[in-house]
Amino acid sequence: MTKKKLNIGLVGAGFMGRTHSNAFRQVGQFFGGEYEPVLKAIATRNAKGAADFAANWGYESSESDWRKLIERKDIDLIDIASPNDTHAEIAIAAAEAGKMVMCEKPLGRNAAEAEKMVAAVEAAGVANMVWYNYRRVPAVTLAKQMIDEGRLGRIFHYRAKFLQDWTISADVPQGGMGTWRLDASVAGSGVTGDLLAHCIDTALWLNGGIDSVTAATETFVKQRSHAVSGKVEEVKIDDASAFLARFENGSLATFEATRYARGHKALYTLEINGEKGSIAWDLHDLHRLQFFDHGDDGHLRGWRSIHITDGDHPYMSHWWVPGLQIGYEHSFIHQAADFLGGLASGTPAAPTFRDALRTDYVTDAVLASARSGRWEAVKG
Amino acid sequence: MTKKKLNIGLVGAGFMGRTHSNAFRQVGQFFGGEYEPVLKAIATRNAKGAADFAANWGYESSESDWRKLIERKDIDLIDIASPNDTHAEIAIAAAEAGKMVMCEKPLGRNAAEAEKMVAAVEAAGVANMVWYNYRRVPAVTLAKQMIDEGRLGRIFHYRAKFLQDWTISADVPQGGMGTWRLDASVAGSGVTGDLLAHCIDTALWLNGGIDSVTAATETFVKQRSHAVSGKVEEVKIDDASAFLARFENGSLATFEATRYARGHKALYTLEINGEKGSIAWDLHDLHRLQFFDHGDDGHLRGWRSIHITDGDHPYMSHWWVPGLQIGYEHSFIHQAADFLGGLASGTPAAPTFRDALRTDYVTDAVLASARSGRWEAVKG
Amino acid sequence: MTKKKLNIGLVGAGFMGRTHSNAFRQVGQFFGGEYEPVLKAIATRNAKGAADFAANWGYESSESDWRKLIERKDIDLIDIASPNDTHAEIAIAAAEAGKMVMCEKPLGRNAAEAEKMVAAVEAAGVANMVWYNYRRVPAVTLAKQMIDEGRLGRIFHYRAKFLQDWTISADVPQGGMGTWRLDASVAGSGVTGDLLAHCIDTALWLNGGIDSVTAATETFVKQRSHAVSGKVEEVKIDDASAFLARFENGSLATFEATRYARGHKALYTLEINGEKGSIAWDLHDLHRLQFFDHGDDGHLRGWRSIHITDGDHPYMSHWWVPGLQIGYEHSFIHQAADFLGGLASGTPAAPTFRDALRTDYVTDAVLASARSGRWEAVKG
Amino acid sequence: MTKKKLNIGLVGAGFMGRTHSNAFRQVGQFFGGEYEPVLKAIATRNAKGAADFAANWGYESSESDWRKLIERKDIDLIDIASPNDTHAEIAIAAAEAGKMVMCEKPLGRNAAEAEKMVAAVEAAGVANMVWYNYRRVPAVTLAKQMIDEGRLGRIFHYRAKFLQDWTISADVPQGGMGTWRLDASVAGSGVTGDLLAHCIDTALWLNGGIDSVTAATETFVKQRSHAVSGKVEEVKIDDASAFLARFENGSLATFEATRYARGHKALYTLEINGEKGSIAWDLHDLHRLQFFDHGDDGHLRGWRSIHITDGDHPYMSHWWVPGLQIGYEHSFIHQAADFLGGLASGTPAAPTFRDALRTDYVTDAVLASARSGRWEAVKG
């Protein structure tokens, strides 16, 4: 039972580089499986940074140019964890070189970029996936399972928010290593592509397609100094973004994301109201799922707080014992496990690039509506 | 220190007739004051129902036609707790007869009706108030106090929801005594005028004026039998209503109301995010206010759950001892106390008819936007 | 359907005088019934205070000596809301005069007093009840109903706490009007008779008899000035009291009460663990009952937060509409309703004096164990 | 900056073998440091099990007898994760061989065993630590920091519970691999040594020494079949254990543990009430700390829910970004980091064997009191 080695070439040494590396390092111990990821090489622009990252995480080698990874014969998979403006170029080059491609979300800075990426991986016929990790938080996975079991019935409402507060200070710069998410040319958009993209991916998975949206965006701090140039420049991202949506299943939805909600660090919340029951979840207590079952005895109905730590909860039999919770990073480990399982089974794990393109269609429509002041249909 | 008697003539013997009567019966014991409300007469269409209601609540007499109350010399104040389609006619007649007027919310079925009501009470110079009772939930009153103390700083976001689930069944009829809120001709609108009106009144009070809105409404059950006619008829109210708003102070807001959120009976929630702090409240635990203070020591910051039962919380010194909570009906008692206090001091208690008209301007804009698919400016 | 009048003579004008008066004033409007309580007279030592209280609450007359109430022919029922050291004398005198007697808890300062009170009301054959109001919080009543329905199965554990923080400051005096609960000669004991008595009454009702206890008490502030004498005197009450108990049904229990739990005003909590399910409740959110049902589908089990505001919850059909909560004082209104209902039906409402004596047996054993350092059997 | 290698020999391949191995595997990536743990060998009785465990976790070799590990020159540290009845023998042999020793809790099956273990490591002068991991949950570490900062003031109360429900069924066997905790000869005691030991270790750390205790234990299921022998035998462990305690600082405490609290999987809770503030924490939401600060403005006081995910919270700067939580296993990683840091600095990380012996003194006193029915003084 020797395992098949899967040689990883990671691009990017930031926050997401760490979560992906950790996932590849841990997936074997907890999920076993046919494939064994090998941390072959890491590329990031700064050669010293690349070497240090490699030393810390156990990569065998490092490069300061991602193109080197693609040229190397000993790399099977390119994992993209670098800023949004690099996704398309790297993914397309990797696919053309016949590498498998994993890409941090959002797929492209916009749907036009993402469409080219989908075309490239499909033309090359290479395995591909986008790291929308929240699908693999066990509570969210259980929500999907419950919907598929028919426990909610006809859906009336979906609502999601992603609230942060880290850019309230006008002293936070835009651009550069830690704050490229505030630079529209790098990120594509602000919270719409960053935070709402997560909400939308989960929603499309749980509740189906979105027909149309009406949106509003706001930029509260109009100018910030640029971390690289040092110059005070106009802020072109959306600091906050909210929209109303109509789903194909007839449900009515509200979505909102912001980096100006004082007191919330990463409060992704979602709630679904169906005829037979409702479900709610939030990222600040990610190991709990709230469930209201209208089928309970009338005088004993109530919202149940399901503590997602039992062996019959998704993914949890691989971890500890009941009552003991896991954390944020585990969603990436689960995603790695599912990707590797997909390679072994021949059934690709979702979301593929094509799946993730749908999210970019929605975020494009949101941004278009914010400009037009009208309802915009979602492509696709 | 003999008290001044204030003779009340109540119109309506339903849910709101009960809460108002209870308020008038109890305000004296807990709030004292210069004025003593006297339950003089109750009018409702059904003579037996009126007599029974009078006997139960201690009204001295009963009538089956509200016009009788207005004709009576021994009535100082007409309190309107009957369905929305009667508000304007009764209020205008009462004002023209020189009576003070209190009116259950919403003021009119639309702003056109409400404007006439404002004109009538202002022309007559009579005291007037609308029962937007949630302003007088102590936690909400404390929120207002905190905002006025400057504890939130510049406001970025406001969000409010009012979620119910009582009309999900297609067997619920429209029209008639218990379900006139589903009959558009009586109610004016569905959840927009019923539930969102509460959210909007509080928002205007806490966060100032609304510039413009974009909205969506939905009617999930298209036909219902009419409780009076027995015929199956098209449902013309909005079962659900959501909108995005821009406030005059630059904040971005989301609002939503529905009667199709399984598991929520009367979940009115509100949250305000400011530069210095945030506040959240909900009606299902109305004696708690959540507060995040960014001024706390960094490593000890957290959302505080303030249990609003102490003597230094609004209204609470009039009730029991710390730790012991009050309920829903007390908000009406507080409103009665403030109205009577306003008579004594000469400074009218809010919201007056004119204040409440602003809410009707917003609900009109919401319904207009839901029809037009565009942003609509709020009049006023 | 003229109602039978029940003339009330209240003794005591403090906090409990207010809650009882409010209960008698409101019970008719919300619960109807055969009997109508009439606020006939109030007695308290201070004549001015008695008159003011009468004026505020609508008592027809006032007295400065409770003996006058007992002499009066127009009084049917003596309601004792004065400090603990007066309970026995008043109750016995009232019973001997053939009056019905209601008494604020605890029944006596100790079981010896309480036994005499029981003997007196039983000899006189007069209706009697003790105001252990928490049995009538709808959530607690529902807990009793669920246990009787067999939803918990064999009971393993009971735990209760009553936590306050109002006497932490050494500046709080002992004795006098507002602080007689710190004067052992008046109160009988400290938190044992005051707070634990509540916990024990509920426990005996929900979980049956207690066999034996081992206890510890503590007095954190050893000396306090006396509010009447002005002298600094030794504090003889227990500031805190905790005990372990074995119930007749084999369950193991922990109880604790204190006035030194910073941050808790009146946090009475209880939890019962049974083979089939568990229940938890607390007074700070008294309109919620937590329920864990082991019979739920395995992967969907969780603690349900039942919002006790529906018409099929105990007492709630008499109040408002689903989602709208009631408060602390309502438990007294319910108790008054049940007492009056008991008069009408001939089946006395619990807890009678005899029922309440059992609590005094337990508190006696707790205090004895705290002195002896050994397990003490509970009499009865 | 080559790291010093620390060669680990693990004994035990169960639940704790996994958490320790995971800690050693991950500590380097997240905490860096001078020492690098090397997974040298694992020993467990079953040779196949040992080999599989080694393969999964990356141990270089495996043994079926722990004595082999002690004989090996290439092992620096023996880590004991085998059942309680093996702790003393292994630890003493390891110390005598000059190995560092880490031991899973409780140190011994009783204090007599533990004293010998302390003597052995101190005589040998080898580094030693016991895996009381909950001290390293960041919220608990923050609690300690807050107490040391003086934020609670004089302490009045401590209360802790550890509630589980996994042995309610009479079908659960005693003895054997998965259920040795129910076999008194292996485990030493039931919940007292298993669960209360955790509560006591934390309490001694946070609140100082315990003077005396009074306790009660209960065995609800009197007989169970033995997993090894297959015979039905008397159950000799305590299924539940509760005690009252007096601390050296004058505070009064309650402790309780059980495996019969339906609905709770691993609900370790603790609360401390001080003059200036209170703190509460529970393991089911381990990334939150509740804090009440009496120093807050009076009308804005409330329990704060501190979400322990910021960089200025203990250990958290090594993980992700604010808002993103870690889980149970991380407490072991932190403990490994602190142990390694202690080696580097020369200041041993707590709890050492000597520290952990104090917990065994308390559990001995608890079991003695449960037998004697009297208060028992705690040795030490």
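Should a chain be cited, it is by its letter among A, B, C and D, assigned in written order, with residues numbered from 1 in that chain.
In the analysis below, a contact is a pair of C-beta atoms (placed from the backbone, for glycine too) under 8 Å apart; a residue touches a chain by one contact, two chains touch by 3 or more.
For reference, the UniProt names are A, B, C, D = Gfo/Idh/MocA family oxidoreductase.
Please read these numbers as outputs of a predicted model, since none were measured by experiment.
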Exercise. From subunit D, which chain is the farthest off, judged by mean CA positions?
Worked result: B
For this session: Could you quickly compare B-D and A-D and let me know which has more C-beta contacts?
Result: A-D
Seminar exercise, completed: Rounded to the nearest Å, the gap between Cα centres of subunit C and subunit D is 42
For this session: Just give me the whole-number Å value for how far the CA centre of subunit B lies from that of subunit D.
Result: 55
Seminar exercise, completed: Chain-centre distance (mean CA atoms) for subunit A and subunit D, in whole Å, is 36
For this session: For subunit D, write out the residues touching at least two other chains, lowest number first.
Result: 264, 301, 303, 307, 310
Exercise. Taking the complex as given, what residues does subunit B use to touch subunit D?
Worked result: 142, 146, 289, 291, 293, 296, 298-307, 310, 312-313
Exercise. Contact residues on subunit A for subunit B in the complex?
Worked result: 156-157, 159, 161, 163, 165, 168, 214-216, 218, 220, 240, 242-244, 246, 250, 252, 254, 256, 258, 260-264, 273-278, 292, 294, 301, 303, 373-375
For this session: Could you pull out which subunit A residues touch subunit D in their complex?
Result: 15, 18-19, 22, 25-26, 28-29, 32, 56-58, 164, 166, 264-267, 283-288, 307, 309-310, 319-330
